[in-house]
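Two complexes, one shared chain (chain A), two partners (chain B, chain C).
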Partner chain A sequence: MSWLHNNTVRAVLAFSVMALLLFWVGSVQSWSVALAIINLCIVSAIMALGVNIQWGYAGLFNVGIMGFTALGGLAAVLVAHAPVAEAWRVGGLGILASLALLLATIVLGWWVYQRWQGKSYLWLLMTVVVLLGYVLIRPVFAPAVEAIESVNPSRTGFLGGMGLPIVFSWLVGGVLAACAAWLIGKVALGLRTDYLAIATLGISEIIIALLRNEDWLTRGVKNVTGLPRPVPYEVTLQESAWFIGWVERWQAEALAGLSGVARSEALQAAVVDASSIAVKLCYTGLFSVVLILILSLCVLALNSPWGRMVRAIRDNETAAAAMGKDIKQRHLQIFVLGSAVVGIAGAMLVTIDGQFTPGGYNPLRFTFLIWVMVIVGGSGNNLGAVLGGFLIWFMWVEAEPVGFWLMDQLTSGMAADNALRVHLLDSAQYMRVMVMGLLLLLVMRFSPRGILPEQHRKT
Partner chain B sequence: MDVLNALVLLANFVLVPALSYGAQLALGALGVTLIYSVLRFANFAQGETMAFGAMVAVLLTGVLQSVGISLGFLPTALLTLPLAIAATALLCLLTDKWVYQYYRTQRSRPITFVMASVGVMFIMNGLVRVILGPGDQYFSDGERFIMTVPDFRVWTGLEEGLALKTSQGLSIVLALLLMAWLFWFLQKTKTGKAMRAYADNENLALLSGIDPQRVVRITWILSATLATVAGVLYGLDKGYKPLSYFHLLLPVFAAVIVGGIGRPIGAVVGGFVIAFSEALITYAYKKFFMLLLPAEWAPESLMQFLSTEYKSAVSFMILVIVLLVRPTGIFKGKVI
Partner chain C sequence: MKKLLLAALIAGLSSTASAEDTIKVGVLQGFTGPIESLTPDMAASAEIAIKEVNESGLLLEGATLEGVRADSTCVDASAATAAAERLVNAEKVAAIYGASCSGATTAVANNVSVPNGVVTISPSATSPALTELEDKGFFFRTAPSDARQGQVLADITKERGIDSVAITYTNNDYGKGLSDSFSTAFEALGGEIVMNASHEDGKADYSAEVASLSAAGADTLVVLGYVDQGGKGVMQSALDTGAFSQFIVADGMVGDALTEAMGDNVDGTFGTTPGGENEGTEKWLALAEEHGVDGDGGPYRAESYDAMALIALAIQAAGSADRAAMQEKMLEVANAPGEKILAGELTKGLEILQKGGDIDYVGATQIEFDDNGDVPGSYREVEIKDGQFETMKLH
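Up next, the complex of A and B:
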């Protein structure tokens, strides 16, 4: 348990402050708001853990976190949404056939690559294979897509999912993200370190473009709403007798002095409030289980021989290679693992929203913010990443009202319709982007090890 | 005649737009490649630097228009270029002083620079949106076209028309002039030679008395100049949208790597390669074939390889293929 020693005081202190902040929100704003923030804090912490695996353990710079998050979100749709039978009937066969053809093309390409490897005309052959695949797939794929998208376009217009419990999608999201990461890692790892950054930026843009435009799969910008929940609905709780009875007992003191209509109204309000809190608590419980599971795995991995090897590679690649470590393979492994964790978090995010909105993914919120979390929390330290996830998400959410208030105070001397005042109030929300950027640069410069620094063991 | 018509059609929808877009990309890519060869990192903030330059131009254009100064048939924004370049260069120099210089003295790994540049990118992004607001801006004025479709039809008697927008013409001409000047500067002047020497071998350059601070400063100024001109031209051509410059980053990087990172000539060629591939792959060839082929052979579908939403995917595909086949790019850049 050496990881507890040196940092313990710092960690306890930092997490206590975090708890106090959340408690303050709970008592000043409302407990419902505080719980909503906590839930997203947990998701952010998991994302930060994934990025920490890549950056903190191995020094791999991934600028495409958004793409892996979105793939996790796609998994939630594919797993949990009910299948659209009509769409499957008209276009399912075409889509499956195109998939089979795509697979065949890839297998053919692989075979050609193996057979004529090293020959100068190999790339000509590969081009022919790709063109052949394109010509074969297009006539099967295009009509199927058209048929699917014309099935009740205002309600469905896509294939739907498998209708399985949405919790299952968290795993699938991780697998999808891992596959994308493997492809990118194969291409970009082993070249200059900047190339991975550029390639991940590219893949995330492509994934978002795909999700926005392939309506047959994701409904595109029409969004998929009403995904099933892993927890009960507020309305169900409000109508069930046991829940009302439970709230009655819980609020017995407050209700005691009231009678008649006033009492039933107060009870009604209490039940509505309690149901929203209960649902959020259910999410908090589920998410905490995932967070604790991933965190413990991370801690175990980092303290294992594998973790020592990974850190050795990060700190001195040449020396590690001289010791017989396969650097490219280890980097690929870490990149895939980290992306899988991000994918899991992405699926969880869609789960709690209950909807999948491809238009809502932007690099500020889903790539950059996670980076700030890892750097501020302490790269290389798992608890640090979790702390960063909590702290930065809290700041990001609370910065908007605070920034607005600040701008309002600063410009309070001006008339209400003063152009500068209106402009500043409008752009207050972009201030927090700048603040986050500044925070990143300041921490990188003056405290590069973050709030909870990585532990250097003596053994 | 049909063959001519088909060619004119292709020129109108592929050649001219790709030439002007390629020129804009090439300027952006030159900026990235200069920073890369001298400071040795991929500058993620280049797209936002372009946005910043364009923002200054938008603001100054507004001021000039309100005073009543214009440039006749050319867009007023051209008048604002010198000031916009100065402002952007100042911003870049300040960024270098406050952010990158420390890591240079620490001799940090390249990836630390890249990360810092991502931080800078988001600060600039926020800055631009705070100053100019999140909306789109159209600041192009003057004549919209150098040659319109009807003019061309009357002039040649062909059915298909070829239009040349002022912004497109300007992009091509300005970019070519700037590139020619840059290559002359790098090849012939003492400062340019010092820059190349420093890029080639830092220690040898220091031994022969080259002032590294000066080289770095000049590189930032050049990069800011290229970024501003590229940003303003892109803004004139397609309208100023704050996020579009972020999306320009991927094609710019693709251009740099395709050409060979750290090679100015590679950046130019790469820019045009990316622009032409994007245009050729996302263009719908239906009408082109209808003109060329007899009526009974006419295609039914749009004859489009990929829909226009996947433009960024095209540059990424080319990037991946280049990384797989020839990671050094066309002109053998630095890879490891």
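Up next, the complex of A and C:
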């Protein structure tokens, strides 16, 4: 079975199986379900690519993925939500003034740092600057926040966004996550492996806590729902003449034998189905463009001299440093790039959900599941990360119906009210978590470096 | 081996195609995730209604309902959407009973049920934001909005002569929404809120929260949290330090777990919890016991039964499991006028509808939908006396 160790063969085989699985869902369940899964698969794949950049290329153990995903989500709100005019009127000035004061404090701190660098009383001066900033900002910021949050709290109570098309937020999400990553990297990247893991885990929780509590910015736990879409609404399609005409032509054969009420009912059903598929296809198209773009950039980067350098740093930092590579700078660069990709995916996720729910971010789903994708797919291999994203999200969604079917078949010999059968059927939902564990175990046992392992150039 | 399994899977899943006279209904609840301890009994309560309808044999001249379970995970909007998508487009359900948490419910309504025109009735999503959802009449809920409970609780507090309170709420959409509606209502009545602070669930110690709350200077603490989470922790800590002499609680705190933990130390604590004690409730409790479910042992069980019962009755009234047709009948079967139908009387309701009559489903929780698909909800005013919750009156 030596051909199985050929990477190209493995990749072709793995992606064919994946395609077959999705095709199976499409034909057995419904194409609408299959497309919905594919869309989320693409978002997951992009997230996995981001983690792969950090872990696979450079060996940075970042378990704060959730935080960057959420920042991407925040970008979607800030870009796409309509501005709340009333909130801006009562508190906008206060917020802007506090921002200006914050900037002034930072600049002052920077100047003081530069001017008295190396002096023993520097820390005293810095403390004075920070305290001064706090004392000045607090009386401006607090009333503004209170005013904003009391503007119709059950519907708004926050500043809203800029009202721009939500697609821009993908870019903004990336930039926002990159900025946060730069700050975090400056502080935490001096730490190695497990210490970095603990730091990033904690920082991601801090980010979520901020998003949950700064209501004036994010509406906090009250959630932002009904974000505008980049694609048409199903209902709009169902009501537009051109779409109905198109479905009529497309379904002409099925409709031919019918007439009168039966025909219009069948047409109506076909239009609803088609609208649901059309909307999802639009998302698939948009998301695919982003995935292909990021994937090609990743492949080019990994095969470039830069990619070889990064892997050299990963495999032996001391040797790379001896060759004159700036380890710190490269680590920061990688951390920022990977986080930006995760941020883009976070914004896309909120786009397709149509809502931002800060209370919904939990590490199991948004950090560790993404890690499973990278590990199962094959860390260090871009295609592996994409495959992992597809496979794991597919399993995450389909484990439930398949688990139910499996339990049903296993216990089919028993009576309908057999206690064991009832219990097994009732707990089929929990199969999801078990399947994840099982998959991870199997892959680790039979292909420890992932389904598509990292490629080493033989020169 | 892989191929064999796959082939078996394809064969198996395509052979489960249902009989003509089986009507599928989605049971979309958070079976995994933060409220996984509540959902099995909620789903079981809804399935009591399914059983009752099937045993009567009256639905559309002998059709049977079949509940198809799916997991909304409570917190993951994408997974909830995927599950709903499967129910609507693969299982072809006539309607959905669910989802459980407000965030997932909003996602399901916006992304799946409204675009596909599928009636969705949540038994437990209480966020005030759902009232204003643009749902084209497809979204209903049998649990009252938190906006209403805040109002009722404020009225009771004021009636009892309390003018100044501190509030602590669990930091999620339930706690925050309830705290907003309570404080707006209480201030409108001339009350004073000295402090309004959140607490996070799952902490070991709440003395810091209690210290800052008590520093604000009120004797009364309003606890809008969960009895098995931070809410109880805050109360325990407040009792230990003697910071507050009076507690006010909302539905998330009303449970035996509270009185068991605190005993009669918190006598005089009062609060609100959904549900009236009328004929329908008694019938529901008896019916639930018959099926091995503790009807008031946890939240949203009666609401679950009512949600499923309404789906069955709307199907019967429409004369078919057509999604649009049953949506049109929903308000008709739920609201007056018509013969009142209580919990456990579904056979009677189906019979009347079969003969073309009109019914007013009252159920276990006094269902009456307004234009937004919300129920006004009745609340019990409860007070702890000798270490037990007692119902004082209805609101």
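In this section, the second predicted complex is superposed on the first by the 405 of 459 C-alpha atoms of A that agree within 3 Å, B and C clash if a C-alpha of one lies under 4 Å from a C-alpha of the other, contacts with A are read in each partner's own complex, and residues count from 1 in each chain.
To be clear about the criterion, contacts are C-beta pairs under 8 Å (C-beta built on N, C-alpha and C of every residue); 3 or more make two chains touch, one makes a residue touch a chain.
Just so you know, these numbers come straight off a predicted model, no measurement behind them.
A.B. asks: Pick one for A:Ile203: touches chain B only (first), chain C only (second), both, or neither.
C.D. replies: The first partner, chain B, only.
A.B. asks: Let me test your reading of the model: by the given contact rule, A:Thr8 touches which partner, first (chain B), second (chain C), both or neither?
C.D. replies: neither
A.B. asks: Looking at the overlay, does A:Ser447 come into contact with chain B only (first), chain C only (second), both, or neither?
C.D. replies: A:Ser447: touches no partner chain.
A.B. asks: A:Asn213 in the overlay: touching chain B, chain C, both, or neither? Say first, second, both or neither.
C.D. replies: So A:Asn213 meets both chain B and chain C here.
A.B. asks: Please indicate which partner A:Pro153 is in contact with in the superposed arrangement: first for chain B, second for chain C, both, or neither.
C.D. replies: second
A.B. asks: Scan A:Val433 for contacts with chain B and chain C and give back first, second, both or neither.
C.D. replies: Both partners, chain B and chain C.
A.B. asks: With the two structures laid over each other on chain A, which partner does A:Gly226 touch: chain B (first), chain C (second), both, or neither?
C.D. replies: second
A.B. asks: Touch test for A:Gly59: chain B only (first), chain C only (second), both, or neither?
C.D. replies: It touches chain B, and chain C stays clear.
A.B. asks: Just checking: does A:Asn418 make contact with chain B only, chain C only, both, or neither of them? Give me first, second, both or neither.
C.D. replies: Touch status of A:Asn418: no partner.
A.B. asks: Per the definitions at the top, what is the overlap between the chain A residues touching chain B and those touching chain C?
C.D. replies: Residues common to the chain A contacts of chain C and of chain B are 212-213, 426, 430, 432-433, listed in rising order.
A.B. asks: Which chain A residues qualify as touching chain C in the complex?
C.D. replies: 20, 24, 28-30, 32-33, 36-37, 40, 153-155, 157, 212-213, 220-223, 225-226, 233-235, 272-273, 275-276, 279, 349, 352-355, 357, 359-360, 362, 365, 396-397, 400-402, 404-405, 409, 426, 428-430, 432-433
A.B. asks: Which residues, counting only chain C, touch chain A once they are in their complex?
C.D. replies: 6, 9-10, 12-14, 16, 31-32, 40, 69-71, 75-79, 81-83, 85-86, 89-90, 102-103, 106-107, 110-111, 114-117, 127-129, 132-134, 136, 147, 171-173, 175-177, 180-181, 184, 198
A.B. asks: Of all residues in chain A, which touch chain B in the complex?
C.D. replies: Listed in rising order, the residues of chain A that touch chain B are 59, 61, 63, 123, 134, 142, 187-188, 191-195, 197-199, 201-203, 205-206, 209-210, 212-213, 363-364, 368, 371, 423, 426-427, 430-438, 440-441, 444-445.
A.B. asks: Residue numbers of chain B touching chain A in their complex, please.
C.D. replies: Listed in rising order, the residues are 41-42, 44, 99, 102, 109-112, 114-116, 118-123, 125-127, 129-131, 133-134, 246-247, 249-250, 253-254, 257, 301, 305, 307, 309-310, 312-313, 315-316, 319-320, 323-325, 327, 334-336.
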